[in-house]
Every structure is written in structure tokens, then in C-alpha cells.
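You will see subunit A twice below: alongside subunit B first, and alongside subunit C after that.
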Partner chain A sequence: MAKYIIKRILYMFLVLFIVVSTTFIMIHSIPGDPLTATVENLPEATRANYYARYGLDQPLMVQLFRFWKLFLTEGSLGESLKFPGRLAEEFIVKYAPISFQLGIWGLVIGVTLGMLLGINAALHKNKLPDYFGTFVALLGTCIPAFVLAALVQYFFTVKHKWFPTAGWGGAIYYVLPVLCMTLSPVATYCRYMKSSVLDVINQDYILTAESKGLPRGKIIWRHVMRNTLMPIVTMLAPSVAGLLGGSFIIESMFAIPGLGTYFVKAINSRDYTMVVAMNFLFTATYVFSLLVVDLLYLVIDPRVRLEVKQNRRAVASNVPSEN
Partner chain B sequence: MSQVKTDWINDTEGLSPEMFQIVGVDTTKDRVLRPHISYWQDAWRRFKKNKLAVFGLILLVILIFMVIFGPIMAKHSFEETNIAESYHPIDGEYWFGADKLGRDYFARVWQGGRVSIIIGVTGAFICAFVGCIYGGIASYFGGKIDSFMMRIVEILSSIPYLLVVILLSLWLDAKGIKTLLIAMCLTGWTGIARLVRSQMITLRQSDYVLAAKLLGVRPLKIVTSHLIPNTIGLIIVNITFRVPSLIFSEAFLSFLGLGIQSPDTSWGALCSAAQTVFTFKPHLMFFPALCIALTMLAFTLMGDGLRDALDPRQRK
Partner chain C sequence: MKKYVSIVLALVLVLGMLAGCGQKQEEAPAAPSTPSTPAAPSTPSTPSEPTKPAEPEGIVVNGETIDKEQYLNVVGSDEPGTLDEFHNSVAATGNILSNLFTPLVRNMDGVLVGDGCESWETSEDGLTWTFHLRDNYWQDGTPVTAQDYVYSAQMKLKPETAFPYAGNWYLIKNGQAINEGKMDAAELGVTAPDDKTVVIETEYVVPSLLNTLTFYPQKQDHYEKYGEKYGTEADTMLSCGPFIITDWTHNSSITLEKNEKYWDAEHVYLEKVTVYSIAEPTTSYNMLDNGSVDYLAVADNDYIERFTAREDLVNTRVQLARTFMWFFNMKDKYFANEKIRKAITVAFDRDATVEVLLGGVPIKAKGLYTHVMYEGDYNIREYDGDLIQAMVDKYPDPAALLQEGLNEVDGTKAADWTFKAGFGSTGSKMKEQAEYWQDTMIKKLGIKGVELSFDDYAIAMDGWQTGNFQVACLSWGSTADTAYMLNLFTTKSNAIPVHFDNPEFDELVNTLNKTVDPAERMKIVQKGEDIVITQNCLVCPISYNCNNVFEYKYVRGVDRSPFGNSSYKTVYTVGRP
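For the complex of A and B:
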């Protein structure tokens, strides 16, 4: 068991290394560079100095090596090219908590609501809760987040001045952005939960449990829930990554000073350091959530524990690619 | 131990010709009552029974019709600017009004739909094609090659998808359909590759494939008559669900300004442009948003119907 976990963690670092290096190389091979505009009218020597300062005069592989060296020895991600003197990790420490807070609120509320709706729909198939669940799920899959955000802003802030339109401050600023971010997970998890529960309640062991007289609540909690959690847990990792990505639009529409806004800005201004740093953070979040999911399997599913014991389990699990 | 008699032909002791008379066959008993239905006929029959799915199909046909003929039906070209008609209200000449530069919004919405739907459908097919070949090869060779190929898939799908798209569109230094397609397909095929691989591996170990092998059926015949028909349903369903997700991604990227550039347009780009004037001209947001929503709805309903119809286990 311990061997598997260690292997799994090492694998996580390998993937992180490959992905971040690839991004580094990719962003540096984009035609045009961030300093062009700054150094345009400067004399040749000053220009060369500028490039040397950021190490951009070196071959790509040397730059990549320096990047990893700096990170491993000093834990730094480098200096921003657009904001001289400011380090990339300063931005991350300042703005990441806002994005993560929004994302986590959206995910927790969305997943909980979606699962409840889904279970309810499956247990009352072809009745009102089922139709309601299906309706919400369809709504969530059909309406893009930016349309919902525009509608919500119009009704709740322009027509009825119940909430602030945009900005960032107390709890009241959370309501609308979180609302917009919950809709998509509610829809996804409602759909999956419903089909998953329907699968399970038709199994023979549920019939057995019913026929031996177990109370309904106990059947649902001990047999149905435990078996339906597997596919749901599998989907959590891409959801975490998706919500962080999805918050870009919400952040820009509600003028929230989160990472998303800065990411788009950094890309448009070719701020290599910032792009690589933020991508580092996103990839790390994603890979880490994959690890957590894999470890959760060990807790939830006895079959997985057995596989690990018999050394039959691959290092990485299969995650459905749901965007 | 006594000698076993081997003279079967002449040893007729205890047998009489009467014992070999035909007693009569009940020809009505084994008659096939229902006509033979092929897999696709059966799937279509079950698809038709699902009212929501049929509604999705009809909706999609209407949308595709409008996307093809909409720009032709409009009174102005989608690129034709006319500053004098800026924000022209909805009337007989401008059916959906006009945008800031006085371009006919009706033509623009359907022209944008062309881009959105082309990206969605082509992208889904490219992903399915690459994924099938990759997954097929991996499962065919198995062993080390398989696990190596699957590691690549895992690493590719660990890259945040949005980032690939953004980086590539900058890298290729061109914003348009082609760039968006390449960028979105680059990591999009991994899901189907996994699906095909796991399905193929399960099928290869199934009893009827073993039976076919024992009966001496040629490998190619096994692939064409057992493996592919049992996988194609899954692939079709996956394509149906991938189309809306690609349309969504395109809308998202165009909304961020990384997608289709003016004068060309897409639903996402239209929504993005309309967002700034939403309070005063809500209809500019309403039409493209409605189109996105309806397309999503059509594909989702159809996908649900197809999933139920193409699942061979549900065949009765």
C-alpha cells in the first residue's frame, strides 16, 4: 500500500515536470516577445542589456534549466516581465486565494445540490422530482456561464438593485458569481448521480437488502450511496480544474481581482514568467486533485484496495475527460 | 472386458423400419413471428419511440437549415457595414436588428452559427477518428506498447485544456476556425482513445469472440463483425456529447477574444460583443445565446436518446 502511494506521488511530480516544461518551451517559441514594445526605441546596447537581465538572450534549454534551478533552490517562479521588480509568486499569493475561494464555493454548493437533486430524481423516477431534476440539468447544460452572468447581472443589479453589480468586498459580492458558477456542476452531477443511482438500485444486492427487511434509509445510505460515489469521485478532479478555468469569465464579468483576469492579461502581453507561473499553479492543482481522487478510491472501494495489494493497479487511474 | 461391436451398418438387431418413419413436423411451431430486424433498424425504432430525442433531432435539422440558408435569406450580407443604420431596431428589413456598425444581425447570427457548428461537428469527428485509431492500436498490441501509449494519454489529459488552446492560438499566431480546431483537437481525442481501448479489451476477452475464434473465423472478420459494431454505438454517443462541449469551448474562447475575429463571427463572439451593450440592446445578446442554448439542447437530447437506442444490452 505505502509503495503504491509513493509511486503515485512520484508519478504526480513527473507529470507536473513534463507539463510545466512543455508550457515553458511552448510559450517561449511564440513569435514575438514581451520586450519588443519596451525596447523599440532604445539603443542597441541598452536593448541587449534588457534581454540579458531577463535571461532571454540564452538558448531555450538554458532558460528552462535556470527556471527549474531557481524554483528548486529558492522556490521562486521568476520576475514578471511586465511589472519589473515584482515576482510571479507575489501575484499568485495575492490573487489565488480569491479564485480558489470562489471555485471551492461554487464546487461545494454545486456538487451537493446536484447530488441531492440526482438522488431524489432517481428515487422518484417519472415523478415530479425526476422532471425537476431533468429540467435543471438541461438548463445547466444549455446555458453558457457568460450568458447566465449577463442575465443575473441585469435582473439582480440593474433592474432590482439587490446585489452589487461587480467588484469585490464582503459576503454580498460572492452571491452572484457563485450562483453563476454552481449551475454547471449542479447539472453535471445531477445527471451522473441519477444514472448512477438508477444503475445501483436495480442490482441484486439491493433486492436482497430489501427482502431481508432493512429500512429504506439504511439501504440508501449503506448500499446505494457507497456504490454510486465511485463515478462521482472520479469526476471531481476534472471538476476542480474546470471550475478554476471556468472562473476566468465569471471573474472578468464581475470584475473580481482573481487569477483568471491576470492570466488572460499575462497571455495577451506575452508575460512569459506570469503565464508559466500560473500554468504551474493550475497544473499542480489538477494533478494534485487527481492524486487525492486516487487515494479516495482506496478509502471508498475495497476492490481497489485489493488490486493495490495484489499489485495489479496502474499508477494513474482513468479519469473521464469531461470538459 | 468384452469386445465392442463396431459393425454398425449390418447389426440391426432389435430395430425395425417403423422406428424410422417421419412422425410429422409441426411447421407452425418454430415459425419466426416477428420479421428480422437489424441492429440499426432496431436502434432507429427505439430512437423514434423517445419523444425528447426526436424533438432534439428536429430542432437540430431546423438549426442546420437556418445556418445554411439564413445568411442567404437575409437582406444584407453579414459583412456589409452601414454606420447610418447603427443599432437599427428589429423591423421588416433587419429581422434581428443591426449591430453597432449597422451590420444585419440576422445574417450575422446564422453566419456565426456556421462557424460554431462546423467547429463542433468537425472537431468531434477528428477527435473520434484519432481516438479510435490510437485506442485501437493500443488495445491491439497490448502489453508494454499499450501501457506506454496510455501514459502519454494520461499526461496529455493532465494539461489544463484551456491553456493548450490559448497557447496554441498564440503559437500559430492566427485566430480562426483552423487554429481553434487544431487547438481543441490536440487534447480532445484522449477521452475517446480511452473509451475505445477499454471497450476493445473487454470485448476481446468476451465469450462470443472466443467462440468465433474457435470456429475459425478470420481475425479481420472478427474485427468487422464483432468488435466494431459493439464499439460504434459508444463512439457515436460520445461524438454527440462532444459536439456541444466543443461549441461551448469555442464560445468561451471567442468570448475571451481568443477565438474568431471580426468581420467573421461566431455565436460566442456575438455574445461577447453584445455584452457591453446588454442593458440597452438585450436582443443582441438574446439571439446568439438562444442559438447556443438550442444547439446544446438538441445535441444533449439526441445524445441521451442515442445512448439508450444504441446500447445493445437494452435490445429486446
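For the complex of A and C:
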């Protein structure tokens, strides 16, 4: 068991290294540099001085090497080019929690609601709850986040001044952005839950449980839920990773000081350090969530546990053994 | 089953409500307390007293009694990169800096007024400027000295600083040599013969020096104490200007409060200014709508209509010194031909572009310079006249002109000819405009087609710099220095990459840089614009950018002159609801 986990963790680091290095090389290879976008009058000497200060005049491989060296020795991802004097990891430490908070609220509420709607839809197929669930799913998939955000912002802050238009400073600032963030997960999880539940309730063991006389609620909770969770958990990994990225537009519209706005600005202004740092964060989050999901499989599904144990025995039996 | 569902649903609803409750935070801004109206003096006063209210009520400015509570909410055009002026590369930061520091001179509504200095003189040859500083203090009580101004200027040109805008400072004597590492920073043409005098020497004659460069002071020991961290947070700053910075919530808002130590604090009325950092235009429009900000430049046609209909908003069109234009690659086989360039310039439909595509906000172009550019007392546009119209009148048949040009090159028939137009934006607005232009060009010139290409600005500019284009589109902002626009077309600059490479033109610009007399300079500028537009048609000017600003009726004193850097010092409110 431990070996399985350790192997996965090592793979995680390898993937991180490859992805971030590739991004590093790619972003430096795009034409344009941090100055072209903002400074109109740029003589050679000025550009040369700027490059020298930020180490951009070194060959690409040297820059890449320095980047990893800095990270491994000081845990730093470098100084931002657009925000000189501030280190990329400071941004992450300060603003990632805000993006995460926003995303987590949206995801938790969205997933819960979505799952409930999905179960309801599956259990009352072709009746009103089903149509309602499908309708919500359709809305959530088709309405883009910024359209919803614009509508919500207009209605709740301009027409009826119930909420502040933009900013971040207390519980009241959460309401509208989180509202916008729930729509997409509700739609996605409603659909997946519905199809997953439909799969499961047609199984034989559900029929057995019903004929045994188990109450409806116990069937749903003990048998249906456990089995439908697998695909949902699989979906959760990219969802959690997407928490950071998915809130860009909402953050932009509600002027929330999260990572999203920084990331977009960084790409447009060729702030290499920030782009690579963001990429590092997203990759790390995604890969880590994949690992967590794999571990969750072990917890939720006994079949996976068994498989892992069997594999170990098979591997062990190939070795000229002491047992 | 139903029981479980209803329990969970109830829980979720409760959770959702909890997201909305919680400690009440003060919404920014809170509904302002009603300003007390100036009451008639209620305390008895002797009959011979002058008519001054006995209570300390109502400061009167320009005949109006201003609100008791003075504050302002605005949207900053971009989040500052850093408040360290030496490392900042975000142009919008200058707005904040002008509130925290005292430049030698401020441009207030078009008029130059001494801020850091009391008076100044220029030498006869126009190359030396002497400033006499007034008494002013830093936030920590130490005086602002001439050395502070010298330190700031020197740091900007030192190669190790890597100041992004150093190019604009090459007009200071030895600036370029220092920046290239060839001379020591002490040789810079900004010196302090004593604590209260600053002497600035320029490389060539720049009558509009004070509208082109802003000279801020910086305190050396404070700067060195903070080093890299200076300018990254509000508590690293030290002000000497009308305001101090009390809060900086990154990517959200900056709070400025009145600096009581400022030499002119008596005439600064605002107690507090909140500058919001809003990336999304729609959000800022909504904030203007519900009164969260006091004025805003609006670019969306629907919102312009909406705000124009409102009684409590005043609309002003603010002219900028920015020209929107197409430019040609003189090294291209076809665009080396003058007739082809002129045909396209004449055929371009400026009226429809400005009125329809751009919503009537910009001004139709008449030449290279915008209406706000002056050479001394001469308004360049008035002096030079409408060069574009003159060209249009001269060539009533652009299609025929094009064919003549093509015949001179390789005899291609216009009906078989296409040209490539490059754009440095991938937004839908740009695409809409480009497609319209494509259509008009084909119709008016009878050509086969126009190939459009859209790229991210930096990528596009990179391609243009290497000569990889035929026609391209950009906008360029001018400084108050009239030589600036002409300099863009000199051989060594090639900032607008038309590749003109004309030694006579270079010589003309050189002469301008040595001429002091305004009348003489105006003649040279006219000749320069004549060469760029009328004779060679290096660019096809389209329009002059303007901002459509909506301001609530209670706001007063905002300076909107194009080269203004007066800060919020002149702003106050009267009758805020």
C-alpha cells in the first residue's frame, strides 16, 4: 500500500517538473516581451538594461536552470516583472486562498445541489423532477459565466441596491460571486449523477435489496449512493483543480482580488515569472488532486483495494522469495 | 427518501443563507451623511461684523459652499505595478504618483504652475532650466531638498536601475550615454548647486520640457532603507505631495488621505480618495450607475446612451494626444510607391469609421498631430490645416490613382490586386472595424481583396518591427514635445516601423532640436508634417482618440487636460446627495 502511494507521489513530482519546464520554454518563445506591450519609446540601451536586471538576456536553458535552482534552494518562484519587488510566491500565498474560497463555496453548494437534483431526476424519470433537472442542467451548460455575472450584477446591485457591486471585504461580498459560480457545477453534477444513478438502480442487487424489504431511503443511502460516487469522485479532481482557473471571469467582474485577474494580466503583459508561477500552482493542484482521488478510490471502493493487494502479491511471488 | 431529501435541502438552504449573513462590513462607500447646509449665523454678533458665518461652516470655493464631508471615489485605469517610480512599467501608476509627490511643476488645466518650485527660468539658448524650490516637507518632517530631485533623475538613467521609460529621458544632457553605461550618473544634466536650486540641462531644445517629463523627488535614505520592497505596499511609501497613501489592497483599491504637511494643504479639499482597481469595464459602468464611483470614462455605446439620458450625470468629451492610424511598409514592393499609399489614404472612409464604428467619440483625423498639440502659442492643427481633406480634394478618383501606382510598379490590374492589413488586437471590436474597412477598400478601389490578420499586440509589433507586413494599424500617443511625433519616423528610431530612412528628414528633425524661436519651430514642424503626410503619406491617420467621460453633477475641479498631472488636489464636491 505504502509503495503504491510513494510511487504515485514521485510520478506527481515528475509530471510537475516536465509541465512547468515546458511552459517556461514556451512562454519565453512567444514573440514580444514585458516591455513591448507597455512602453512605446524603447531604445536599445533601455531594453538591454531591463533584460540584464531580470536575467532575460541569458540563454533559455540557463534561465530554466536558475528558475529550478531558486525554487529548490529558496522556495521562491522569482520576482514578478509587472509588479517588481514582489515575489510570485507572495501572490500565491496571499491570493490563492481567496480564489479557493470562492471556488470551494461554489463547488460545495453546486455539487450538493446538483447531486440532489440528479438523484431526484433519476428516481422520477420522465416526470416533473426529471424535466426540471434537465432544464437546470441545460441552463448551466449554455449560459456563460460572464453573462450570468452581468445579469446578476445589474439586477442585484444597480436596479436593487441590495449588494455591493464589486470588491472584497466581508461576508456580503461572497453572495453574488458564489451564486454565479454554482450554476456550472450544478448543471454538470446533475447530469452525471442522474446517469450514474440510472445505471445503478437497474442493477440486480438493488432489486434484491427492494425485495428484501429495505426501506427506500436505506436503499438509496447504503447501496445507490456508494456505487454512484465513483464517477462523481473522478470528476471532482479536475473540478477542484479548476477552482483556481474557473473563477477568472467572476473575479474579474466582481473585482475580487484573487489569482484569476493576475493570471490573465500576466499573460497579456508577458510577465514570465507570474505565468510560470501560476502554471506551477495549477499543475501542482491538479496533480495533487488526482493523487487524492486515487487514494479516495481506495477508501470508497473495496474492489480497488483488493486489486492493489493482489498486485502486490503477484509482484512479490515473482521474486525469489524468502517466504 | 423524501425525508432525507428535504433534510438535506433544508441544510443547503441554511448554508446558503449563512453565506449572506455574517459581520456587517461597511460597504464602500457608505451612504454619505447629508452635508450640513450653510446656516445663517445663529450666535449673536455685533452689527458691524463682516458677513462671515459665526460657526466654522462651509468653506467657499469659486462662490459655492462645498460639502462638509469631502471624499471621492474613482476607478483607476489599471492596477499600479509598483509605486516605485524607477521600476514601474504600468503607465497608469503616474496618476497615483502625482498625488504622493511634488513634481517641480504641475500642468494644471493647461497652465504650468510651480509645485515643488516657486519659480523657474530658461536660458536664452533654451538648453538650461533653473528652478527655485519652495519650502516643502516629507511625511516624516524632513525638508524636500534639491538633492532629492537630482537623486530621482540620476536613478532613472542608471543602467542598473533598468528604468523602463529611460528612453523618454534621453533628452536630458548625457542621459543616453549614462544609460548605455558610457558615463557616470553624476554627469547627468540634473544638478543641485545648493539645497534650494535645481538646474536641468537638455541635449537639445525642448520648449515643452515641463509638459513632457515629470521631475519627482525621492528621498535617498528612505529608498535605500526599503530597497526592493519600496513601492510594493502602502507602508513603504513616504509622501511629500497633497495626499498620503493609507491603504493599498492589491487589485482592489487604494486609499489616499489628505497630507496635512503639504505646503498647499490649505487648498486641498478632499479628505479621502478611494481609487478602485476594476478590470472589467461592465463592472465599472455598474459602479457609476449606482453611485459607487463619482466619474468614469465610458466606451460602450449602450451605456453611453443610458448615461446620457440621466439628469444627474454630466457628459464631457476629453481630447487626448493620441492618433489612431494605418501605417505602410516603405520596404514593401507595392507600398514603396507613393501613389498606392495615397490612394489608400484617400479611399479610407473616416466619416463612417468615426461616426458609426467608433460611436462618434473620437475626432476625425486631419493630419499627424491632434488638436491638443501646441508649438509655443501656435495650435499645430490650426496652423497646418486639414491635410487629409486637401489630399482627398486633390485626388478625387482614388481607384484611378491606385491603378497608376500599380502600373508604375509591375502593371498589376487593381481588380487582381490584394494587400495585407495587420491588426494588433484580437478583440471583436477590432474585427468588426477591420471587416468594414476591408469592404470599403474593395468597393472604393475596385481591388480584389484585403487579407486581414489579427494578433496579440506584442506579437504583431514584433512582426512589424522586422518588416514583415504591408499595412498595419495602431494608435500612438504623443507627449507635449512636438518633436516627439516627428522623431518616430527618423532612421534611428523607426518606432513606427515604416522604414522611411530619409536623411533629409532626419536633418530636419535635428534642426528642430536646435531651434528656440517658436515661430521658427512652428515652420519646421509644419514642414515635417508636410513631408510625413502630404508629400510621402507615410501613414494614413484615421482619428484622434477621445474619452467620453460621465461625471456626477456634484463633482468639481477635475483636471482633464491631455498633459495634465494636477492630481486630485483641485477636486471637491458640492451638493453630494
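Assume the second predicted complex is superposed on the first by the 294 of 323 C-alpha atoms of A that agree within 3 Å, B and C clash if a C-alpha of one lies under 4 Å from a C-alpha of the other, contacts with A are read in each partner's own complex, and residues count from 1 in each chain.
Keep this in mind: contacts are C-beta pairs under 8 Å (C-beta built on N, C-alpha and C of every residue); 3 or more make two chains touch, one makes a residue touch a chain.
Remember, it's a predicted structure, so these values are computed and weren't measured experimentally.
A.B. asks: Look at where subunit B and subunit C land on subunit A after superposing the complexes, then choose clash or fit.
C.D. replies: Aligned on subunit A, subunit C clashes with subunit B.
A.B. asks: On the A-aligned overlay, A:L290 touches which partner chain: subunit B = first, subunit C = second, or both, or neither?
C.D. replies: Touch status of A:L290: first partner only.
A.B. asks: Determine, for the superposed model, which of the two partners subunit B and subunit C contacts more residues of subunit A.
C.D. replies: Result: the larger residue contact count on subunit A belongs to C.
A.B. asks: A:Y262 in the overlay: touching subunit B, subunit C, both, or neither? Say first, second, both or neither.
C.D. replies: Second partner only, subunit C.
A.B. asks: Counting only touches as set out at the top, which of subunit B and subunit C does A:G55 meet: first, second, both, neither?
C.D. replies: neither
A.B. asks: Pick one for A:P231: touches subunit B only (first), subunit C only (second), both, or neither.
C.D. replies: In the superposed model, A:P231 contacts neither subunit B nor subunit C.
A.B. asks: Touching A:I30, do we find subunit B (first), subunit C (second), both, or neither?
C.D. replies: After superposition on chain A, A:I30 lies in contact with both partners, subunit B and subunit C.
A.B. asks: Please work out whether A:M253 is in contact with subunit B alone, subunit C alone, both, or neither, and reply first, second, both or neither.
C.D. replies: Both: A:M253 reaches subunit B and subunit C.
A.B. asks: One more residue to check, A:A150. First (subunit B), second (subunit C), both or neither?
C.D. replies: both
A.B. asks: Taking the superposition as given, does A:N120 touch the first partner, subunit B, the second, subunit C, both, or neither?
C.D. replies: second
A.B. asks: Select, from 61-69, 79-87, 151-159 or 187-195, the region of subunit B that bumps into subunit C once both structures are placed on the shared chain.
C.D. replies: So the stretch of subunit B that bumps into subunit C is 79-87.
A.B. asks: Shared contact residues on subunit A for subunit B and subunit C?
C.D. replies: In subunit A, positions 30-32, 150, 153-154, 158, 252-253, 264 sit in both the subunit B and subunit C interfaces.
A.B. asks: Would you pull the subunit B residues touching subunit A in the complex into a rising list?
C.D. replies: Its residues touching subunit A are 147, 150-151, 154-155, 157-163, 166-168, 170-171, 173, 188, 190-191, 194, 198, 244-245, 248-249, 251-252, 255-256, 268, 271-272, 275, 278-279, 282, 285, 289, 292-294, 296-297, 300-301.
A.B. asks: Which residues of subunit A touch subunit C once you look at their complex with the stated criterion?
C.D. replies: 30-43, 45-46, 49-50, 52-54, 79, 81-86, 94-95, 105, 109, 112-113, 116, 119-120, 123, 150, 153-154, 157-158, 161, 164-175, 178, 216-217, 220-221, 252-257, 261-262, 264-265, 268, 270
A.B. asks: List the residues on subunit A that touch subunit B in their complex, please.
C.D. replies: Residue list for subunit A touching subunit B: 15, 18-19, 22-23, 26-27, 29-32, 138, 141-144, 146-147, 150, 153-154, 158, 241, 244-245, 248-249, 252-253, 264, 267, 279, 282-283, 286-287, 290, 314, 316, 318-323.
A.B. asks: Flag every residue of subunit C that touches subunit A in the complex, lowest number first.
C.D. replies: 1, 3-5, 8-9, 12, 15-16, 19-28, 79, 81-82, 84, 87-91, 159-168, 170, 176, 179-181, 228-232, 249-253, 276-280, 282-283, 286-287, 289-290, 292, 456-459, 461-463, 476-477, 495
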